[in-house]
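Notes follow once the structure below has been shown.
All chains are identified by letter, namely A, B, C, D, E and F, in their written order; residue positions are counted from 1 within each chain.
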Amino acid sequence: MSEILSLAGANLISPIILSFALGLAAALARSDLTIPEAVAKGMSVYLLFAIGFKGGVAVSAHGVDQTLILTVLAGLVLSFGLPLIAFALLKIMTGLSRTDAAAVAAHYGSISIVTFVAATSVLEGRMIDAEGYMVAVAAVMEAPAILSALWLVARGGGGGAMAPGLMREIMLNGSIVLLVGSFFIGAITGEKGLEEISAFIVTPFKGVLCLFLLDMGLIAGRGLRQSKGVLGAGAVAFAVVMPLIGSTIGMALGMMVGLSLGGIVLLMVLSASASYIAVPAAMRVALPEANPSVYLTLSLGVTFPFNLTLGIPLYLATAQIVTGG
Amino acid sequence: MSEILSLAGANLISPIILSFALGLAAALARSDLTIPEAVAKGMSVYLLFAIGFKGGVAVSAHGVDQTLILTVLAGLVLSFGLPLIAFALLKIMTGLSRTDAAAVAAHYGSISIVTFVAATSVLEGRMIDAEGYMVAVAAVMEAPAILSALWLVARGGGGGAMAPGLMREIMLNGSIVLLVGSFFIGAITGEKGLEEISAFIVTPFKGVLCLFLLDMGLIAGRGLRQSKGVLGAGAVAFAVVMPLIGSTIGMALGMMVGLSLGGIVLLMVLSASASYIAVPAAMRVALPEANPSVYLTLSLGVTFPFNLTLGIPLYLATAQIVTGG
Amino acid sequence: MSEILSLAGANLISPIILSFALGLAAALARSDLTIPEAVAKGMSVYLLFAIGFKGGVAVSAHGVDQTLILTVLAGLVLSFGLPLIAFALLKIMTGLSRTDAAAVAAHYGSISIVTFVAATSVLEGRMIDAEGYMVAVAAVMEAPAILSALWLVARGGGGGAMAPGLMREIMLNGSIVLLVGSFFIGAITGEKGLEEISAFIVTPFKGVLCLFLLDMGLIAGRGLRQSKGVLGAGAVAFAVVMPLIGSTIGMALGMMVGLSLGGIVLLMVLSASASYIAVPAAMRVALPEANPSVYLTLSLGVTFPFNLTLGIPLYLATAQIVTGG
Amino acid sequence: METHTAKRVEIVIEAPLERRLTDALTQAGVTGYTILPVRGGSGRSGQWTREGQIGRAGMVAVVCLIKPERLDGLLEAAFTVVEKHIGVVSITDAQVLRAERF
Amino acid sequence: METHTAKRVEIVIEAPLERRLTDALTQAGVTGYTILPVRGGSGRSGQWTREGQIGRAGMVAVVCLIKPERLDGLLEAAFTVVEKHIGVVSITDAQVLRAERF
Amino acid sequence: METHTAKRVEIVIEAPLERRLTDALTQAGVTGYTILPVRGGSGRSGQWTREGQIGRAGMVAVVCLIKPERLDGLLEAAFTVVEKHIGVVSITDAQVLRAERF
């Protein structure tokens, strides 16, 4: 326990987390500090490209484990399955309508790539290796949760039919394409390719992540401010409980498929994190009646900061204790 | 004297100054070269974050001097006081209305962070250390000058009352929040934090500064072109004389509070420089009758280039001679 | 021949080319992946500044060859002359109107700076030196082709008179000013200046180029998708044949003026490449009746990818064989 | 100069719906439209600004100039997309140059 | 389709005043507005472009669709903010779908 | 509040022509205009989006509020620039505050 706390403490005073905290504080204090939308989008392209590329290089270097396919399958199961658990929980803990609950559930089955990146940074800082293909697992987990959510709504007779072209749009979503594409570029060009561009995608990476998290803090803070009063205590509690449940299930699956300690932690983080890019956009098309304030506030305003600050060190410590690593 | 000239000469052929000159020339020649607004804003976020962070790390490494509080007080005195001198000077040297003169005065009490950054670069190039907390002093000097200017107008019966919410807006202005926030992040995470992100905020810093100054040159040039004829010779002379007066007062105060050579130079630069971001925006709200062409042209079109090219080496040389450093 | 193929093969699996391919594939698959316009423009400013600066430093280091003036003249001849050849070829190979053919011809006399940059990267990867002033030659070749095209139209009685101010606009075009300006900054500040900012303009360069080419791929792909059916087979064939002709003439001139192997290859690449920034904008003003889909698709959709993937290694191999280098 | 009577329809809608709206307009025979970026706004679903958004969110404004007789077709097409979503539709009388163009 | 009479008010104003204007509108009971970015312009105070600006400067265009009977309240609210500042206000007659929305 | 009759002219034109258009307007005595960025659009010359463009391409929307009696001069000036180019021109009746301003 004290180990967990000291780990969490060390995590909390990293420049990355403090940058997020600065953004959050600035937004809550109504500062006019902003990062232009184009720059934020540019940074996210950079982060996705870098993380995908490095994942691909890792796979090309260490070869494809026999656990790769199993892990991808585990990711699919998690992304399809977690929304069902989330939905049941929401029905118990909150008074959200079926549609709102399904929309929220979709977010928790999907993933937050920035949380994943932050976890990767923490692991690197502690010299813990992880399977390079976890990036591909992240990509695989982005979309299926959306289908589960639509099924939940359709089952309740509430519409939720797939708008034409939506499936294609989700699968060819910019983040997925970029992550998978750069993963393949990394896998093809390998260490040699990495050497050519590592001064761009490796060394400055953490610094860019700081500015990106500054922006995330600003957005989360503004979201929290604007949605004051939208959420009850039950919903907020859900946004903390669900990651704990998700990460536990993720840990179990990660151990079953035989991942390394680092891989298990990353699978826990993917399970625990909630989407705030791909899924919200899909929800606006597929479930327009669902209230965006609800799902964005939970995902970005509560779960994201929770995972970033306390969640990641907690999952790491738990995995270390359970696996004896 | 020849020392000053050779210092100025060396300064003038640095990539930073030449980039500014390129921008200025391109704008005066009506080239369509532009740097997108979002990218320029992104670079300014980067520069503020980097300079604040490095200042904080310096403080965490060298500890808090006993001169810190005195220097902050000196900064407050300068920012409150310089507008009064500027105002008196403007009344003598120009025919500007009371409101216009007060608005200009506000700019000269406040500071230009890019001039500060450029001076830091020059000091680093000459291996002259400066107190890390000068960044905090810069932040402290941004706003008080605005109050002095409003007081000058109110005293003249010309309105200039504080619009509701303006004070808060000024204090929570993006640049101040970012500078102070990253200063604290640097102070908290210290050398260890710097190590993690120095490949982002230290090594490429000067290069980013070049592109940023290219953009400043473009903006200053366009401003000069559009405001042709707005300013008399008296106003232009003011924009060169005032920095000399400001820097002299800054030097005196810097010596009184016991700053190092580098610290004195930076305080001179802060005193000599004029705002072109925070104050103009505040003036549009608080003194809308003041003509923006006047204060922007003086601050950005005359004083900024003057400080960048001749001012900084001059202040450094003067401080070296006076302090015997 | 097998040498050419293996060279081409090595070129094709570089991160740079694969990033372009990723963008192309994403656009053709209708992914919503985009790089914000401001960020793309910011990257192009970065690339132009870096390439110009490095060229200038190279000139300051190795001195001005006696071939410099000859090469600049050769560049002028190529830029003025290639459109005439292109026009004749288009008249034979396609059914394009006189105006459309002239507009296309203008593009092929001018140059693509990104193709030039990619070729520079390939040369560096193979440790082949090139004259630093080739960057200046690139700048010189941007504009004259436009005049040839207007002359071709005017001769046919089809208007094409120089709109007032157009000449100035073309010469003071942002890319030209930035390239030439940073070339002079590099030449003035030399190795010392480079050292100060090389962590910004040298080490991360290739990585930025990857993201930039990702964006070029996206744009080329969207262009191809939208202009389906606009082009006949003849026009597409032209867009592959013309670079071969251009590069051959470029090689001959490069050898005549006595360039090094690297310099010859770069002159071939300049001759082979087609503009997609400066010339299209000029054409909208000077030849508005010309169909932008035609020239943009040929230049950006066919010739650019051809040069990037097959062209560059082909020109390099040819030059090596012919010069015995 | 000679001008022609037209309607100017302005539709403010969520960005993720942009392609669906323009597809619907095209199917309804609308031959031209212009899309303007939106920086922020306020309505029944609250206040928002572009800088406070991530991903594809945010809104856009689609402006169509059409012949008056095509207005109803356009509005119906637009409405199918706008109906359940956040957004507003407004119409003004206008004149246009070059009627052959639309 | 059924439409409802409305007024479309377009206010071009300096960006630093944006929040003050929208606050004033909200206080005057305006329930919706859309803010468009402005790239540049020209007026009595000269010519300017977005690329030639730094910081928060520049202008924005605020578009409000309102019931005709609320026009005067809106204009008065807007005018208190616009009065001493750089900017213009224009009003057009419009029709809107979904009157319940505004 | 007192308002004055005016015309609101909206010209959507290719960005490389922007300076030529505003010069022509200025010469025709137009004292004010506002330029809005355009994100994309569709017309006779096909569909395009800002993100799919490089360089100076793309379009802009220029909005002018003018006294009705100046409309013809403005349209003629605009037309010389727009004529051979991609773009549309539309006119709406409007009211403005502060007539002294335009």
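Everything that follows uses one rule, which is that a contact is a pair of C-beta atoms (placed from the backbone, for glycine too) under 8 Å apart; a residue touches a chain by one contact, two chains touch by 3 or more.
All values derive from a computational prediction rather than experimental measurement.
Undergrad: Which chains, if any, touch chain A and chain F both?
TA: C, D
Undergrad: What chains touch chain D and also chain F?
TA: Where chain D and chain F share a partner, that partner set is E.
Undergrad: Farthest from chain E in C-alpha centre terms, which chain would that be?
TA: C
Undergrad: Quick one: superpose chain B on chain C by CA and send over the rotation angle as a multiple of 5°.
TA: Angle of the fitting rotation, chain B to chain C: 120 degrees.
Undergrad: Taking each chain's centre as the mean of its CA atoms, which one is farthest from the centre of chain D?
TA: B
Undergrad: Could you grab the centroid distance between chain A and chain D? Build each centroid from C-alpha atoms only and quote it in angstrom.
TA: 34
Undergrad: Approximately how many whole Å separate the CA-defined centres of chain D and chain E?
TA: 18
Undergrad: Distance-wise, how many Å sit between the C-alpha centres of chain A and chain B, to the nearest whole number?
TA: Chain A and chain B have C-alpha centres separated by 41 Å.
Undergrad: Residues of chain D touching 2+ other chains?
TA: 36-37, 47, 49, 56, 92-93 - these are the residues of chain D that touch more than one other chain.
Undergrad: Any chance you could list the residues of chain B touching two or more other chains?
TA: Within chain B, the residues that touch at least two other chains are 32, 34-39, 42, 204.
Undergrad: What pattern do the touching chains form: line, ring, star, complete or other?
TA: If you draw each chain as a dot and join those that touch, the picture is no line, ring, star or complete graph.
Undergrad: Under the stated touch criterion, can you name all the chain pairs that qualify?
TA: A-B, A-C, A-D, B-C, B-E, C-F, D-E, D-F, E-F
Undergrad: So in the complex, the part of chain E that touches chain B is made up of which residues?
TA: Per the stated touch rule, the residues are 14, 16-17, 20, 45-57, 84-86.
Undergrad: In the complex of these two chains, what residues of chain C are touching chain A?
TA: 13-15, 18-19, 22, 25-26, 29-39, 42, 125, 203-208, 210-211, 214
Undergrad: Given the complex with chain F, which residues does chain C contribute to the contact?
TA: My answer: residues 34-37, 40, 163, 165, 216, 218-219, 222-223, 226-227, 276-278, 280-282, 284-285, 288-289, 291-293, 300.
Undergrad: Could you please specify the touching residues of chain D with respect to chain E in the complex?
TA: So the residues of chain D in touch with chain E come to 10, 12, 36-44, 47, 49, 59, 61, 72, 75-76, 79, 82, 88-93.
Undergrad: Taking the touch rule as given, give the residues of chain C at its contact with chain B in the complex, in rising order.
TA: 36-39, 41-42, 45-46, 49, 53, 168-169, 172-174, 177-178, 181-182, 184-185, 188-189, 193, 196-201, 204
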